[in-house]
């Protein structure tokens, strides 16, 4: 059973593209590029800030960042739609994998790349 | 009113980080980096495929791509949580902006970067 | 006049691709994807480190990061070759633009996105 | 022995940052973020183009892409400087690794992610 609001978003984005005849551009390859470009706009907001500054953005900055997050969700929902992936089910599956991969008693307080842990 | 399933995901991810004492690493700056790194893993799947091939992935590939999409959603929900952004409300606001920026009769069949359209 | 060592690198990479019949995959679009994927591997090394930690990597980490930087240069030289761009000349032109855009007396000690400065 | 023109570029960029008191922002972590953000601007130029279109850019587009490539080289040289990495030596080492990893008779005409080849 799909998530109602995400499903509504998926449908609205599909209609947005169809209305503009943009499905011809929306191959997953291209949408992956658009998605990473949007992420980079988010990264740009933070690149010269300290970690601490990034936790306390002013109102103007947070408004801009909020719309970057929106762009990322939009392209993520769009590519998942094109690939027929249920995002929420996928996320649940991935969290279960992560819970097994990073057991609490082993990784507590220690964040590294997965590849850096000896399995 | 939050979306129920996304809200459940947000809470589960917050608990996942808290259990591992990982909040200390989850400054928005760092989460933005993790998010773009996950997007790049998605991009890697598509870089040597044609657009057409990207629309018809085999089963093994789609399973891998599905988990990359999950990773992206996971970090997106996590950074939105840290910034106190309601992702779905933000997406709705952004779509309204896009609808005004890309009127159907002006852009039909023509996808360019926003900056390439004369306003 | 091309830079001798960069020119040697360009030629070696062209031969590497030709020997493997990989030019068919090396459209600029695809190389741009490969390039950003390599950058993301660099980003991954830094995402959970503090800025300070990123300035003092241990030997093992620096060896890994060094090869990521190599990958980025390799794809950058390759895409520039495919687009017939002289990288060093382009960099010199861009620095001149940056010197005009960020005058010392205006931006000293203040790094923001270009778009955040009033022109 | 450093490459003369790349070395000149490295020195010019170091002076550019020093003049503006920007070294305080140029931790490798931050430069990696700036680097990937520049790559994304390159990606954006190609995201809605076909592979074939990406090989035949018009003059205006190539001029814009050329400056994106310049930005990437600039940040790449800058981060290598901060990490004390000789980019050209690193690239030579990495190509030697790639030559061993992708033997001509094994991979001819077949480009996949390294992880997709059985070793």
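Note that the chains take the letters A, B, C and D in the order they are written out, and that residue 1 is the start of every chain.
The rule is simple: contacts are C-beta pairs under 8 Å (C-beta built on N, C-alpha and C of every residue); 3 or more make two chains touch, one makes a residue touch a chain.
What you see is a predicted model; the values in this text were computed from it and never measured.
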item	value
Chain copies touching (subunit A, subunit B) - same or different residues, decided at half shared	same
Interface with more contacting C-beta pairs, comparing A-C to A-D	A-D
Cα-centroid distance, subunit A relative to subunit D, in whole angstrom	25
Distance between chain centroids, defined by C-alpha means - subunit A, subunit B (Å)	2
Residues of subunit A whose C-beta touches two or more other chains	25, 30, 32-33, 36, 39-40, 43-46, 48, 50-51, 111
Complex interface listing, subunit C residues touching subunit D	3-6, 9, 12-13, 16, 19-22, 24-25, 27-30, 32-33, 35-36, 39-40, 42-43, 45-46, 49-55, 57, 62, 65-67, 69-74, 76-77, 79-80, 82-83, 85, 87-88, 90-95, 97-99, 102, 104, 107-109, 111
Residues of subunit C touching subunit B in the complex	25, 30, 33-34, 36-37, 39-41, 43-44, 46-48
Subunit D residues touching subunit B - in the complex, by the definition given at the top	32-33, 36, 44-45, 48, 50-51, 111-113
